[in-house]
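Across the two complexes that follow, subunit A remains constant while its partner is subunit B and subsequently subunit C.
Moving on, here comes the complex of A and B:
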């Protein structure tokens, strides 16, 4: 029996100072070209929180606007701020950087995050008003220390500075004197991933209404390596984030596969639930500080704002079949195998048409494809093209080759079966999953019947293989036949009929024995 | 095709476009010598 997509959440954290101090484009530039014009100009190109909230793709990410709204607004959005926009959306929120620093401290169980007492005093009243912040969480925010203590830790003790509006307001201390896997930079990076994952989990509970205690397992599918010198990447960020979110009955495990990890994790989750091992599995990920400002050199060169200032996060709940939610078709997944080959034709065949062939479907039978949903506002000015469009064109081209589409229909196909990208370039965050929230809504409202979620990963970046990776699955409207619980509206369930027949037979046997 | 005969070629492929190994195969049949090939992820 297929498992179902029960709900999801999507969060963003506005992180302009983290972009400057933690993005690898900037940290590399400070090493190789510390006096560069780029580093000098970059602060003038940072967005305010209000600008980040008024940015249409961010509003789509948190569910206040839809992919259809985005498509209707042309193909450039950074110059069209919304007149009215909220930081909270139906899928989650956009959290300002200063509040996130307090959340970061609540996720730090080793007292490694120190914040300036004046900063805490100033930020706490706003953090207290956050609808998801309760007394238990608030109790984890420490009073703060004198700024001189933070300066000493940063200047003399290997701590990583934490900044707000260019001013030092805190630090993250190293967790080991020698082990580079536990240095301050790595701890900061991992805490950011953990805290943004925990924020996604908190929102997911709110959006789905599911009890925290009902979650059996969390699978983290981010790209951070948590561990020490003896087990670099030892992991279980999932369980750490589940602890912060208060999922007391959940275990956790990490799934790592570069950007393809979310789709791998969802396939794992669907199988674990379908097999009966668990009832409720959450797939979740926080974001990446390293990727902030990855293309900012080009944005600055083109006199744009540095748009990669958002740390992303998401969570999705996979549950046993409720007879209502969209089903994940576990038997019809796509995967790029070791021997598949790397030509676009081979890749799209493995990910898209092989599962469709197994089902006897054609390319156009999938109403919406969710591929690599990177925001082209970010990538096009940097010369990286429009990634979702490139993927849609490859799918359409294969359709033409298979005789399912006419060449002249390619553009119509990409418009109808594709979407413009809206996700920040946070690696795993744009990879297939940003559409999950809309997919559930669209399928349940009947506006679409099927969606294919495709994730790709750049394994070659780790220098262990030249291979790339990709996996896919299909979400489909619930057939209504697979509900585990008896449906009162459907009358007596099959299970109940069998039970009645068995009881009657036992009664008959007893009466015959008595005679 | 003769453009690549006996030429040393550096290949940089794109994961969401044409990956390096696919470009290699095409260039090899055109007579090129691949001296370096890599696929990069630009997102």
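Moving on, here comes the complex of A and C:
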């Protein structure tokens, strides 16, 4: 029996100071070219929190706007701020940087985060009002220390500065004197991933209404390495974030596969649930500070705002078939094999058409493809093109080669079966998963029947192989049969009765409508 | 262009002589193709990699340009490239590559 996508959450953290101090484009520039004009100009190109909230792609990410709204708004969005926009959305929220620093401290169990007491005093009243912050979490926020203590740690003790509006307001201390894997920079990076993952888990409980205690396993699919010099990628950020989110009955494990990891993890989760090993598995990831401002040199050069100021996070729950939620078709996944080859043709064949062929379906039988949903507002000015659009064109072009589409239909196909990208360029975050929330809604409302989620990864970055990687799976409207199967031998199940009643009511409604 | 790739191109040019090296680019965008071509001819325009200020002047082509396409086995081209050819703005890419070559290529 297939498992189902029971719900998901999506969060963003506005991180302008982290962009300057932790994005690798900037940290590299400070080493190579410390007096550069770029570094001088960059602060003028940072967005305010309000600007980040009013940015349409961010509103799509948290579920207040849809991909259809985005497509209707043209193909450039940074110059069209929304007039009214909320930081909270149906999938999650956009958290301001200062509140996130307090959350970061609640996720630090080794007393490595020090915050200025004035900053804590100023920020705490807003943090207290956050709908997901309870007394237990609040108790983890420490009073703060004198700024002189922070300055001493940053200047003399190898601590990493934490900044708000360009001002030092805290630091993350190193966790070991010699081990570079536990230096302050790495600890800060890992804590950011953990805290944004935990925030996704907290939102996810709110949006799905599932009990925290019902979660059996969390799979973290971010791209950070957690460990020390003896096991640099030792891992289990998943369990660490699950602890912060209060999932007392959950275990955890990390799945790493560069940007392809979220889809790998979802396939794992679906199989673990379908096999009966677990009932509820959450796939989640926090975001990456390193990738903030990755293309900011081009944005500054083109006199735009540095749009890569969002740390992303998401969580998705895979559960036992409930008879209503979209099913993950575990038998029909796509995968790029070691011997597949790296040409785009070979890749798209392996990921898209091989699973379709197994099912006897054609390319156009998938209503919506979710590919690498990078926001083109960010990538196009940097000369990297429109990534989702390029992916859709490749799928369509393969359709032409297979004789399923006419060449003249490529553009129509991409418009109908594709979407514009809205996700921040956080590597694993845009990779197939940003559509999960909408996919569930669209499938359950009947506006689409099937979606294919595709994740790809650039393995060469780690210098262990030149191979490309990718995996895919299909989400499909629930057949209604799954949830009843275990009980059917024992007679008519409760689900079956409910379904029969629902069908009769629908029939009645239709007949009344016809009159 | 990736810093590691810049290093490799530089090493190949030193090892085999710049007149014996042709760089084939597969970028999907004219701008990206142009930047890569500029890097191996006039030097790294982003001033970040080993080719910063190094004017190798190498011969550089995009895989979809006729001159290169004609050198490739038809079956292999069909299997490896033809799908992408449908997707790319080949005219734009060719224009960009010709501009860079005429300005900076020495071979």
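Note that in this section the second predicted complex is superposed on the first by the 484 of 515 C-alpha atoms of A that agree within 3 Å, B and C clash if a C-alpha of one lies under 4 Å from a C-alpha of the other, contacts with A are read in each partner's own complex, and residues count from 1 in each chain.
In this text, a residue touches a chain if its C-beta (ideal position, glycine included) is under 8 Å from a C-beta of that chain, and two chains touch if they have at least 3 such contacts.
Values in this document were obtained by computation on a predicted structure and should not be read as measured data.
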Query = Of the two partner chains, subunit B (first) and subunit C (second), which one does A:384 touch, if any: first, second, both, or neither?
reply = both
Inquiry  = Output check: A:372 vs subunit B and subunit C. Expected answer is one of first, second, both, neither. What do you get?
reply    = first
Inquiry  = A:348 in the overlay: touching subunit B, subunit C, both, or neither? Say first, second, both or neither.
reply    = second
Task = Scan A:504 for contacts with subunit B and subunit C and give back first, second, both or neither.
result = neither
Message = Quick check for you: in the superposed arrangement, does A:447 touch first (subunit B), second (subunit C), both or neither?
response = neither
Query = Touching A:456, do we find subunit B (first), subunit C (second), both, or neither?
reply = first
Query = When the two structures are overlaid on chain A, which partner does A:155 contact: first (subunit B), second (subunit C), both, or neither?
reply = neither
Query = Looking at the overlay, does A:468 come into contact with subunit B only (first), subunit C only (second), both, or neither?
reply = first
Message = Contact-wise, after the overlay, does A:425 reach subunit B, subunit C, both or neither (first, second, both, neither)?
response = first
Note = Going through subunit A, the residues touched by subunit B and also by subunit C turn out to be 341, 343-344, 383-385, 390
Note = Touching subunit B in the complex, subunit A uses residues 259, 294, 341-344, 347, 372, 374, 379, 382-385, 387, 390-391, 425, 427, 430, 456, 458, 460-461, 466, 468
Note = Within the complex, subunit A is touched by subunit B residues 15-22, 25, 38-43
Inquiry  = With touch defined as at the start, can you tell me which subunit A residues reach subunit C in the complex?
reply    = 28, 32-33, 297, 341, 343-346, 348, 383-385, 390, 393-394, 397-398, 400-401, 407, 410, 463
Remark   = Touching subunit A in the complex, subunit C uses residues 4, 28-29, 31-32, 35, 46-48, 79-84, 86-87
